[in-house]
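Note sheet for the following structure.
Chains: A, B, C, D, E and F, in written order; residue numbering restarts at 1 for each.
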Amino acid sequence: MSILTETPIDLVPGPSSDRSEGQLLEVSMGPQHPSTHGVFRMDVTLDGEKVVKLKPVFGYLHRNHEKIAETESYLGCMPYTDRLDYICSITNNWAYALAVEKLAGIQVPERAEYLRIITGELTRLQNHAGLVGFLMQDMGASGTPLMYAFREREKVLDLFEALTGARMMCNYMRFGGCRVDVPANWLQQAQKVIDGFPQFLDEFENLLTSNEILMARTQGVGVVTREQAINAGISGPMARASGVNYDLRKVDKYGIYDRFSFRVPLGEHGDVYDRYMLRALEMRESIEILKQAMRDLPAGPIMDPNTKIRGFRPKAGEAYGRIEGPKGELGFYLISDGTASPYRYRVRPPSLINLTLLEDMCLGQNVADIVIILGSVDIVLGEVDR
Amino acid sequence: MNWIVRNLWLVPVLPLLAAGISALAKRKSRAMAASLAIGSMAISFLLSVWAFAHVLLLRSNGQATQQVFNFRWFQFGNEWLSLGWILNPLTAVMLVMVTFVGMLIFIYSVGYMEHDDNFTRFFCFLALFASAMLGVVIANNLLLLFMCWEIVGLTSYLLIGFWYEKPSAAAASKKAFITTRIGDLPFFLGIVWLYAQSGTLLFYNNGAGCLESTSINHLLTQPTPLGFCSATGIALLVFCGAIGKSGQFPLHVWLPDAMEGPTPVSALIHAATMVAAGVFLVARVYPLMSAHSGIATELTTSTALQAVTWIGAITALFGAVIAVAQFDIKRILAYSTVSQLGYMMMGLGVGGVAVGMFHLITHAFFKSLLFLGAGSVIHGCSGEQDIRRMGGLRKLMPFTFATYTVGMLALCGFPFFFSGFWSKDEILHAAHSWNISQAPYYMGAFAALLTAFYMSRQMFYIFGGKSRLTESSEGHSHSPVSPDHSSHHGSNSPHESPKVMTVPLMLLAPVALLLGFFGTPAWPWFQSFLDATQLAVDFGALSEGSMLPVMLSSSVIVLLGLGIGWWIYGRRPIKSAEAPDNLGKLSPPLFTFLGHAFYVDALYGATVINLNTQLSKISDWLDRWIWNGAVKTVTNIVLGLAHLDNFLDTHVVNSGFDEGCQSVSRSGQILSLLQAGRIQGYLKIVAGAGIAFTLLLLWKAKI
Amino acid sequence: MTPMSGYLLLSALLFSIGLAGALTRRNAILVLIGIELMLNAANLNFIAFWRYGPHPEALTGIMFAIFSISVAAAEAAVGLSIILAVYRHSKTTDLDQMNSMKG
Amino acid sequence: MTITFLLLAATTITGTAAAMSLKNLVHCVLALTLGLVSLAALYLQLGAQFVGFTQILVYVGAVAILAAFAIMMTRSAEPAVLTGSSSFRVSGALIALVVFAVLGWAVWSGTGALAVLGPEPEAPVNEIGVALMHRFVLPLEIIGLLLTAALIGAGILAMDETRRTK
Amino acid sequence: MLGEGILKGLTETARNFLGSYVSKDRLTTIQFPEERLPQIEATRDFPFLVYDGTEWEAGLRCVSCQICEKECPPKCIYIEKSKDKKPDATGKLQFYPTTFNIDISVCMSCQICVEVCPFDAIKMNVEFEMSSEDRFGGLLLRKEQLAKSNEYYNKIHPTEATAVDAALAEERAKAEAKARQTTEAKAATPAPMATPEAGETK
Amino acid sequence: MPEMIDQIFVLLKHWLLAYVPAALQPIVSAVLSVVPVLVAFPLLFAITTVLERKGLGRMQNRYGPNRVGPFGILQPMADGIKSLTKEDIIPRTADQVVHFLAPVMLVIASFVVYSVLPIGKNMVLANLNAGVLFFFAVGSMVELSVFMAGWSSRSKYSLLGAMRAIAQMISYEMPLVLASVVVIMAAGSLSTVAIVNMQAGYTGIWPRWYVFTPWGLTGFVIFMIAATAESNRCPFDMPEGESEIIAGYYIEYSGFKFALFFLGEYLGMFATSAMAITLFLGGWAAPFSFLTWIPSYVWFFVKLLIIIMAFIWVRGTLPRLRMDQLMNFAWKFMLPLSIINIVGAGVWHLIPAGFTRWLIDSLLVIVSCVLLSRGIRRGKSFHVRTYRFAS
């Protein structure tokens, strides 16, 4: 039972409860279930098809990430961050790099900042597109929206591969800059992808946004109120869908985000439809940012020349670096004791924290709603379990 | 057959549809309910006008004006139950009247009920009522008529008790319902009897209907053990229904109480339409009513019609007398209605269909005008109904005053220019020339005098003098729910009602004024229309026979009544609400006696209801003492025997029978399994019985 | 050709089976099913009598069977919902335990 | 006795007997379906096509499914609640036997008069419809009323009580 | 009107259905064994060892400094340093790895080994068809499997390799010049073992 | 000549029968009629699976199966071999017999239904007097087999799926039947052959199909929506809703039994589509009078394939409804609409031919459609939203 639900349903069928315990059905959704987005389990208690209790169970994908980091070098942690949220490795790199840069007081060259924003926003695009596709898949749309989303995502991944050498595990950021500069023609390719994206979004929204079935399925389902969202520490598009005006790109203005003009869409109802629409709208805003960044990209070095790759030993201290990841506030907290490995390394994963309200969102809904609610939270189990 | 004849059913069905839809609608959809009801009534009205025009056309072509449309409904046994509708002048006139008055009242209700929460429900009921009433009007089958009749009764019940949270309204609705049911029981018996005798309930069916000569003649030859022919018996039984519905003398008690309902309801149901249904019923079955036994000539009046006349005359006088001493604006009108209904009945009895119906039609218009005016007054006075607390409204509510005056003069029968004069005069004239007795005429005349008197009294109370409303607002406590009350107006001062209420008044007033000219003796269009006789303009008829004296005398009576009213009430303005009534000062006991309506209710309470109570008490006493005593005696005897037995058992045949007793108790236990509360046990018994039954059958078959 | 007694005997047997089930089973649903069987036995009789009767063109037997089937459907629906309602109260469909009128 | 009749009678009896005697309630319902379908086939054999199909539609499509639903919802098919016979086992069976004996005797001794089979009667669907709308219109309406009442009643009964009282 | 959005969606799918026959942009599928994507230069999957010349054993640039072994985040590199020294491609005496194993079932292709290698000895391959029936041995790449020629490196990553070659040549030239200087100066001190740091060669 | 080609199968059968001794003729005739149906429709099933996968693929900008045989047309064969050779897993706690019987019964019921469907002129297995009733009666057996499958697997998911499936099928059977009532009213017969014959004939070149009347069109649309639900196709595929309850009632089936379920589902879909064709689209009749030279059975299968395409198209586009919405839709929209449609059909037959009845009937349908659609929206009031942006 979640703390945040005000009036808990009496789940213990005692003599006073007139609820017939014979009707309740306990179903274990997951860890092997097509729509748990990985190895995630929900112990669901159903009354007919209505959820009266939901217990999320995770940890199936636990990899000791934070502990391993304490034995790795600072650089060695970087590829591991790729594997947190394996859909958007670049933003993970960025957050980690930001934390280390804060810890060691490193300046990032201008061009590298621009590159970071370009790759980061591309990541956001492909993450959101994929998410909406998956959400529709959970809704039973036979894969069509997912395939469209993947078609576009593929173009972005091609860009990533051309830039970083890998499609998903990019391992692109370095403390004080980026690992490589853009190859020839890359910028033109990227421009093409960015210019083509709005058209895809139009198609996508044509297919989905006004669809009555989608609206019937999602509107009023899995509502998170503004207060709940704030109390539970929800961040990212999910919080904004509930009307919380909290976008780190605006709040922290990390990197050089203050140079770009973009808007932060806000939802009102905090239901699944809002979360879906928020992502669609954020994609359009990301395209705006990308256009500006591509236009303004300066020449220059991409690495702070003073940063050492090998034998990197920041002075003792602590730092918390955070960015607005596609899924929400992604933060890394580091304590250095002056050695080559972090003394303490801690991730604030948006997937996990956004997931804490799962039961509150699902209570009283249908089995079918659980799936789309879970889908709309946008989790990646690699980040939830770490 | 014309389209309108074939589709006359649309007239009642449209309001029924409206009622059905608004019954399903949400409480919020006020506009929809109102527009549905009014729209359906408007269409019905147009159709009615069409039907009327059709009848007129037929008449002008010299064709038969009576057209029926019958169809088979369903079969039981070898019989087909047929239903149908009829279009004849009577129907056409009633249709136009009901739909027109109904429509106006619907419109009026929009304003009157504006602030009521159950607006939608109200319109649903109103439309249902209109539908049922129209069904009564067009029915060509006594059963269909009866069904609609009962729906009319039901809606009346629902509407009187519309503010059911008010105990008096709930009680009044129950009273109305039960009282009319008392009348309906004999009515139904009459229907059954009629069906048993004639084998059909269709009124007209190409010679095979129950109101057509073959059937009537057949009925006339059927004697009853009581001596009169069955036609008379049936007619009297049917008349009982009319007594109940039209508030005739012994069963009139519900009608004044029915004023607890919203004023439009009072206007629609308890003045214009529903109460007229009884009169209409008598008019409809007039052939049956007026059936003569065998050799009697045209001039003799049948027993049934005599009963109608006497009841009508008594009611007319009775109602008028009571109305003199009432203080509630609506009660005065209610008793006036009772009185006028008596007139109508009397007219039917003495003069025939046309006479009674003419007064019915004129009365419908001016009485609904009066009621709506009263409603407007009540609305304007923020729910006040006591005429002692009104006064001086002439200035404040000019439209209402003007229209009310028209209605009042029409009701009084002010000579020559008001419809009531002509229709009442018709009745008085017919009564005057009645060959059985002159008493009804004198009773009617006296009632006319009283009518003029109490109406003028009411006028002076309400519109004359100065406003006495404010002084009473603290001292006098109303019923907590304040029914006809629109508290939204803030100020307590009387004011003119909104357009939606005054416009119907202004529409009704000219009709109430002019309608009488359709039935003057000089140009008896209405009468000839209903009776299907030739129409001729003959001013000579005015001076013919006793016509002129009667007319003059009734004019004098009316003027006299108005004069007395002015003398007693109008001369000096009434000073305060608490001051005793001017008339009451003359003879307070008599006035109180009249004020309590001859204590009829109390009489009923003391006789019928008391008798019932006493009978119950007697039954209770019998039950408690005689039967129970007997049972107890037997029990005691048995107990004594049991003690004796016990004694013998324990002491005399002690151990010898113990074993036997135990076996008996064991078998008792086994037997008790029969009642173990288990379905299968019972099923088993059924199965056993089935076996036995089959065996019995087989055994019988073998033999 | 099958004589009518064949159908009647079958119907009697069906009826007895239904009766036996209704009498001996403890589960309320099965008792209801037994009663349905008895109704069906009657239906078979109607059809057989219609077929073998002197006036098959009158369709009376068929009509009766149709009405009986509709009544059976209504009975099943109401019966089963009663069982459900009782089950919600007493948590059992066992007739042996369903012996109290109290909720 | 034709072979078809014997076969169908045998399946009917087997199905219904199984329905009344099996332990598992779901099996009972399935066996019942078998019995009722063969009964419908018997109707077809008797020339009552419409009734036969109606039998399948109503009993298989509705009653059996309803019963199955009831079994599911009352959890009567779980191993723990599988019920046997009631305490009336012997007496009930005996009574049923006696009923059969008596009925059988009655049939045996009394159907001589109707044993002759007339020509195959025509029972086309339209005639059934016409008859329903004319001769049998009153029963039809009553049945309609009954079904409506049953529908509403069943709905109210099956409704959740907490919701009903609200 | 209900159904409007559904009709809109149906039109969209119909457009895509027809479009997949017409537009290359829509039907992006590559039918793999027959068709292949053009090679992207930056692609990386698993490391290999670069050797110069033709003789792989002799030409390996790896000097067994074990930096990559230490820096490898998942620790998939296993190196045994030789006891003796052998001349490398330039003829200089160097240590060499007697064993150089990479367990590519553990390797996560992060290319940190490449970044930290001071000798440009380890580079990322593009070979991805590596399925094997041997679960353990098949994915444990040994020195001989890892060793790829510099020409191969030039083939798969031409831009990068050219830069590396240029840097190496320059360095070598510098080293030779220095050696020449030292010999000329006859300082007669043996050349120091460690070559200058060549980490960020790009 | 076209006559001959049209009747070629019928003639062939008679020709063959002539060589058979008279005593055996009924049996041989039955076999000769049944076997083609038993061959043709599974074949159609095979074609449909590959068609569906390719069509869906193209809609999703993929190729679809194209490896087995030219253009992948042998894919169903490969699938068949795969499912035949796969291990047939029966859960340990399952009710073995019922578990086995469920798919068998499903397939049998689906096949039996075809006996009343006229595939071509004079090509119907059994011209039953109450053919439409037979269709629905046997169709209701499907529900039972679904229940058997769901219950016997002893899995919570399959039980949930079975409950959903049965509730859905029962709910949608009513609009399905009521939608066909209008046709029965018009044709005055329950016999499928008679219904097709009633629609034969042309006005000018246009056919007199029932679908070209307001009530017929409404009935057809209702019938098709209900048929989609009956055959558990998207967007009404809750019972198998793979993202929610994985595969519903056949989650515990594998191998050949699973294939049987698949076959049964598709056969049911063909059957209801064929019924829709029979009832509304003139059965085997050609769409234009000048196309009658094409054999009737060809037309039948062409129409069937077109309907199947529509099914695929819808499946490729729409997400799935939720159970309660599905039920709402059935009871609050489809059922009232189909009843109103029956009234509309009655009105149509009462009013003499002409423009008036078209107008009245269309208005009736459209108005009730709009009102009912508002009705199911009410309370929820879903709409496309607009969003604000943070300043």
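Here are some notes:
Keep this in mind: contacts are C-beta pairs under 8 Å (C-beta built on N, C-alpha and C of every residue); 3 or more make two chains touch, one makes a residue touch a chain.
Predicted, not measured: the structure shown is a model, and the values here were computed from it.
Relative to the whole-protein C-alpha centroid, the nearest chain centroid is that of F. Looking at which of B-C and E-F shares more C-beta pairs in contact, the answer is the pair E-F.
Averaged C-alpha coordinates give centres for chain D and chain E that are 79 Å from one another. Chain B and chain F have Cα centroids lying 60 Å from one another.
Centre-to-centre separation between chain C and chain D, using Cα means, comes to 5 Å. If you average the Cα atoms of chain A and of chain E, the two centres end up 31 Å apart.
Annotation for chain E: residues 2-3, 5-6, 9, 12-13, 16, 26, 28 touch two or more other chains.
Counting partner chains per residue, chain C has residues 19, 23-24, 87-88, 95-96 touching two or more of them. Among all residues of chain B, those that touch two or more other chains are 680, 684, 687. Residues 1-10, 12-21, 23-27, 29-30, 32-34, 36-37, 40, 43-44, 47-54, 56-57, 59, 61-63, 65-67, 69-78, 80-85, 87-88, 93-96 of chain C touch chain D in their complex. For chain C in complex with chain B, the touching residues are 19, 22-24, 31, 95-96, 99-101. Residue ranges of chain D in contact with chain B, taken from their complex: 86, 88, 91-92, 95-96, 98-99, 102-103, 105-106, 109-110, 134-135, 137-138, 141. Only residues 56, 59-62, 156-157, 160, 164, 234-235, 237-238, 241-246, 315-325, 380, 382-385, 387-390 of chain F touch chain A when the two sit together in their complex. On chain E, the positions that touch chain F within their shared complex are 1-3, 5-6, 9-10, 12-14, 16-17, 19-21, 26-29, 31.
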